[in-house]
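Presented below is the structure to which this report refers.
Per-chain numbering from 1; labels A, B, C and D assigned in written order.
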Amino acid sequence: MTEAAIPPDPSSPSSDARRWTAGILGATGSVGQRFVALLADHPWFDVVHLAASSRSAGRPYADAAHWLGDATLPPAIGALTVHEAHPDSLPAGAAPPDVVFSALGSAQARALEPAWARAGAAVISNASAYRMADDVPLLIPEVNPDHLALIDRQAYGDGFIVTNPNCATVGLVCALAPITRRFGLTTVRVTTLQAVSGAGYPGVASLDILGNVVPWIRGEADKLHTEPQRILGALDGDRVVPASFVSSAQVTRVPVRDGHLLSIDVETERPVDVDAAAEALTTYASPIADLDLPSAPARLVHLAADPDRPQPRLDVDRGRGMTVTVGQLRIDPLGALRLVALVHNTLRGAAGAAVLNAELLARRGRLSKQR
Amino acid sequence: MTEAAIPPDPSSPSSDARRWTAGILGATGSVGQRFVALLADHPWFDVVHLAASSRSAGRPYADAAHWLGDATLPPAIGALTVHEAHPDSLPAGAAPPDVVFSALGSAQARALEPAWARAGAAVISNASAYRMADDVPLLIPEVNPDHLALIDRQAYGDGFIVTNPNCATVGLVCALAPITRRFGLTTVRVTTLQAVSGAGYPGVASLDILGNVVPWIRGEADKLHTEPQRILGALDGDRVVPASFVSSAQVTRVPVRDGHLLSIDVETERPVDVDAAAEALTTYASPIADLDLPSAPARLVHLAADPDRPQPRLDVDRGRGMTVTVGQLRIDPLGALRLVALVHNTLRGAAGAAVLNAELLARRGRLSKQR
Amino acid sequence: MTEAAIPPDPSSPSSDARRWTAGILGATGSVGQRFVALLADHPWFDVVHLAASSRSAGRPYADAAHWLGDATLPPAIGALTVHEAHPDSLPAGAAPPDVVFSALGSAQARALEPAWARAGAAVISNASAYRMADDVPLLIPEVNPDHLALIDRQAYGDGFIVTNPNCATVGLVCALAPITRRFGLTTVRVTTLQAVSGAGYPGVASLDILGNVVPWIRGEADKLHTEPQRILGALDGDRVVPASFVSSAQVTRVPVRDGHLLSIDVETERPVDVDAAAEALTTYASPIADLDLPSAPARLVHLAADPDRPQPRLDVDRGRGMTVTVGQLRIDPLGALRLVALVHNTLRGAAGAAVLNAELLARRGRLSKQR
Amino acid sequence: MTEAAIPPDPSSPSSDARRWTAGILGATGSVGQRFVALLADHPWFDVVHLAASSRSAGRPYADAAHWLGDATLPPAIGALTVHEAHPDSLPAGAAPPDVVFSALGSAQARALEPAWARAGAAVISNASAYRMADDVPLLIPEVNPDHLALIDRQAYGDGFIVTNPNCATVGLVCALAPITRRFGLTTVRVTTLQAVSGAGYPGVASLDILGNVVPWIRGEADKLHTEPQRILGALDGDRVVPASFVSSAQVTRVPVRDGHLLSIDVETERPVDVDAAAEALTTYASPIADLDLPSAPARLVHLAADPDRPQPRLDVDRGRGMTVTVGQLRIDPLGALRLVALVHNTLRGAAGAAVLNAELLARRGRLSKQR
């Protein structure tokens, strides 16, 4: 398959353009449900396979999933039977879906994603299991699409694994990519205020979070200490050299449904002022701007003018949940650049991130292996 | 009045010990109501005068105040008539109360507090109007009781003004005083998650904060940039030399009733490690430990062991709301000391702070002027 | 103007179809903002006049309104200058807008709505001031469109006043209209759980409602005792004979943003069972089904199958906020029919209700007076 | 043991008064933790045995329980080892505790409570398993203490089972007992707004309830249809004849931590007016008023005067959580008596109810069997 075969008009799913079959692992969970919602009417992908725990296997998806969305569960997908998450659960002789979206937990992902890759699928994973593996791209299409080249190092035959970052990391890196391209980051400090949907379902108990905030999420700070450096690192031959800045994170959980808010300050290699930073953010040239990917927002970052923004309630859905909103750009008394960023944690920070990764692969002809 | 005249047993209000009359300015607001609750059974102070806006003046307090507390409004105070906030509203020839607690807004405080001081009252203010004035103590009794000496510079006759810090500042300084005494602070970075009660009543609209966080509170960050340096500054003759560290703050409002949470990182003059910092916090010698002040908690700071603490719901009432809880002490990837602190914003951070200030004045014989 | 002049395709605002100019009174409040959002792209109405309190008058709407929506304020409307709410504030010699939507408070509405009607405008009011007036229609287009005839009794010249019910009443009546048409109501008991947006902005203080419920809303229960009878009453000549059933309401406020939930039980003149009631709800023939009104939902009532529905979060936006969702239909141990209903209080229950009323007037040729 | 042996001064645990050993089944759950908190300093009972699931067994209680309270876990109880919930888990030859408080789920309670009774313990259960059993008292001490006589019908040897009602039922019956004694109930209609703590821990997922209400709780309405009649029924020989009124309930879950609010209307056999109802509520003569039970509140019911009460935040802790607050007494348009009641669901409605039951048994000499 060549680039020329890519649908010229992504908004026209009825064209005779090339389409790919898709599966979802962990389909009944909260991120899995977001995959279902995003892929239900996707112009390029057709959901044909749903997998979840053995408790759900064998049941129609509409019964197995406690549907969380305010939109209706698409009936065609609701009627699909849920399978176990291992590729052995495929009917005998059946090929795997072209693309397998993984919303598995980390431990399961570690075991099952390689199995699907070996079976020939393009595994597009939201799990943390392989994000830091040397030969696995940790990808944000607007930031480091060149890291896709790492999949050529993978030894899964026709299949491979591509990952997206942790939800809070996505917000941090989207807000900072334009800054570091222009000024060079040396230090990044961040305090997060994270929504409950980031913990899945049932996730955070209401008794723990109603009228409360909890300054701790297991394992989360560590991801903010390592993933940004990898994403913003340089591809050197067949490996990524992590960026050299150091990050420090305090994470908190707040009683918000969707939207991680990040209080950020950064120090830079080259002098920065508010106007220059604002210009960097608003003029950032996305390397995928020409690709017309269906899930790509018009702008990676929106710079809010009002002093009390961004706010989850008002800004989280910007760009259909794929635009990161930044506000309160200022130089603080320590001379650092301060800003506040907001990311939709289950769209730009999870399911939407993965779908965009898959779209990039499609456009780059990387889904042709399976044919 | 000498120290010897101070009540030997603060828990024994029925003793024949010296007592003082007290007034409350802004008595119907949320901090004013906290004053009412704290002073209703106070062993040293008797509330005799309540003042509020002209809308409330002339009405019984029980009618004028929209009582917010879960405890019952003390009936004796509920029966008092509310006056206008100017000392001219005192009955002709009447002396002002010995102590006047001010919960006024800043603009009103600027006009009215000097008037009460001139009338001979000890004005114990929670307002921001005079916190940074050269001759006004900005006081936390466990931290800088020596700053009380500034009142000798004031030219109000028998009266004077003493202030307590902004609610978030109190939490920050209580957590950091033990650290800076031992290691010397050079930089302080803080992101706050502040409760709605900090904005008074009606204060934050529910439409703005239900299921949301708002990364902005007017004027709040500036206070965190200047007040800590003044409180932790050194008294040099009749002036305070601000401490030299620089602070940078991002403030946010969260849907929590009471309790400001602070995500803090600091750099120090001398090397610090977690054990040394923990020891500094747990062995901090309060300069008022011997004074048996009724509102002073057993410990200024409690160090929580669990990794998910402090939390507003679980920790805010520690030490009857007068102990600051600290947790998650660690050295971050940048080599800075990181911690999380929680302060009860309307007790330790406002009304309780002021009452403790008044108790220190009483014990130090500074309320004797009025006699 | 005749029916033939009505736009044949309401989704085609670019046609050369007849359009009407529109004003909004109380445009800066929360219902006023809903009017702005609904009318910004309306196929029939063009917003040309915004009015609010004297505090806002003279300022651009974008500055005067604290915009609450998650969608962006339409820039063309944001640029309009806000006027005082009296028709005297119109430029000298200028005609009033064809239609004036009123989101005024009750006291102001009492004084100003007749003034606008006398000036020649069709006043479409969400206020309670004239709902129970003998000659004013209290209208839900799918329920009692014939009540429109009352405007012929009004003596305002070319103008007139039409009202929509209280937000909770709308939910109650939409759910019960199909039931009473078939079975005849004798008693209606309802307990409401009402969202904070029903109180406007700033409205309910967060300190009053965070983690709390408040079993009281001033004047609300009385509206539920009288408005349903008027809406479901019969037009007899030039007056409405109220329906004879008796209703009893307990109202409560809950920490929900949008969506009033109603726990209802009813007794009927004729025997009812669950299947018959469900059939009445699902087969209800709307008297405006043929009119293709742009804001009319496909169905007045949606009957939810799951036992834990309706829920504000999941069901409030059904039919773009114009469909009432009903669930849990059952015969209770007392033999009464029990159900739960949910209404979007600021759309179907306020601004959307008024816009739908205006659309009905347009379609019925009732806006032609002004030409 | 005789009544004379009962501690004359319940506030004096240091007297040489009789004490009883106590166990808690389901000790790690939310109601189990409330038992721990209530019994930690109880003047009559000493906690000596804690039991929970096999996952917790063998661990110190402080480790096994995710402590939810804002007060500190009592260290002496925290150090106890958790056992399995079956009496076989007692050390060989050891007697069971005198009293066993059960916070088990219904299925477990069905199997395990009889085993503990047969082992000789007085089982004081909060579970629903045996509430409707013919020979088991469903007890509210202030309402139907005579039902205790049912335990003489039980065939467990020295042990027996006593239950308290469902949390919402407790609120309903406490509010209505004074009414039915005076006026006789014929119908009861209730809509509940129930707190999340009623569902235990982790219980209600935050994603389900943040900014939402859910009009459904499995099995809850049925309890409100049957338990009130049993509690308010008459003891006739060795059985209870249920009261003849009929009740109808709609239950809802709301984002409140503690406190079930009930919107109630009742019809009565004899005419009732507001003054007479208020008098019945405020002069209700508790049949246990003379017993000085440590957990009994001064008043079973408090009648609130303000029109916007009761509210969970302001009223739930009245009488240390053991007083039910009633407000808004009125005759509705249908001639029924309407009121709103609030009950602390985990104290008066669960753990406190059970402890009060145990105190009644102690005072009545019913705990002497075990000696």
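The criterion applied here is as follows: a residue touches a chain if its C-beta (ideal position, glycine included) is under 8 Å from a C-beta of that chain, and two chains touch if they have at least 3 such contacts.
Quick caveat, the model's predicted, so the values are computed rather than measured.
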Just how many steps, at minimum, does a route from subunit B to subunit C need if it may pass only between touching chains?
1
Reference subunit D; chain at largest CA-centroid distance:
A
For the pairs A-C and A-D, output the one whose chains share more C-beta pairs in contact.
A-D
Where the centres are mean C-alpha positions, what is the separation of subunit C from subunit D, in Å?
45
Go ahead and note the Å separation of the Cα centroids belonging to subunit A and subunit C.
41
Dist(centroid_CA(subunit A), centroid_CA(subunit D)) in Å evaluates to 48
Pull out every residue in subunit A that's touching 2 or more other chains.
210-211, 255-257, 313-314
Subunit C-facing residues of subunit D, complex:
187, 189, 191, 193, 211-216, 225, 246-248, 250, 252, 254-257, 261, 263, 265, 307-314, 327-328, 332-334, 336, 338, 340
State the interface residues of subunit C toward subunit A in the complex, per the touch definition above.
69-70, 210-211, 313-317
Provide the residue numbers of subunit A that touch subunit D in the complex, in ascending order.
30, 68, 196-197, 201-211, 255-257
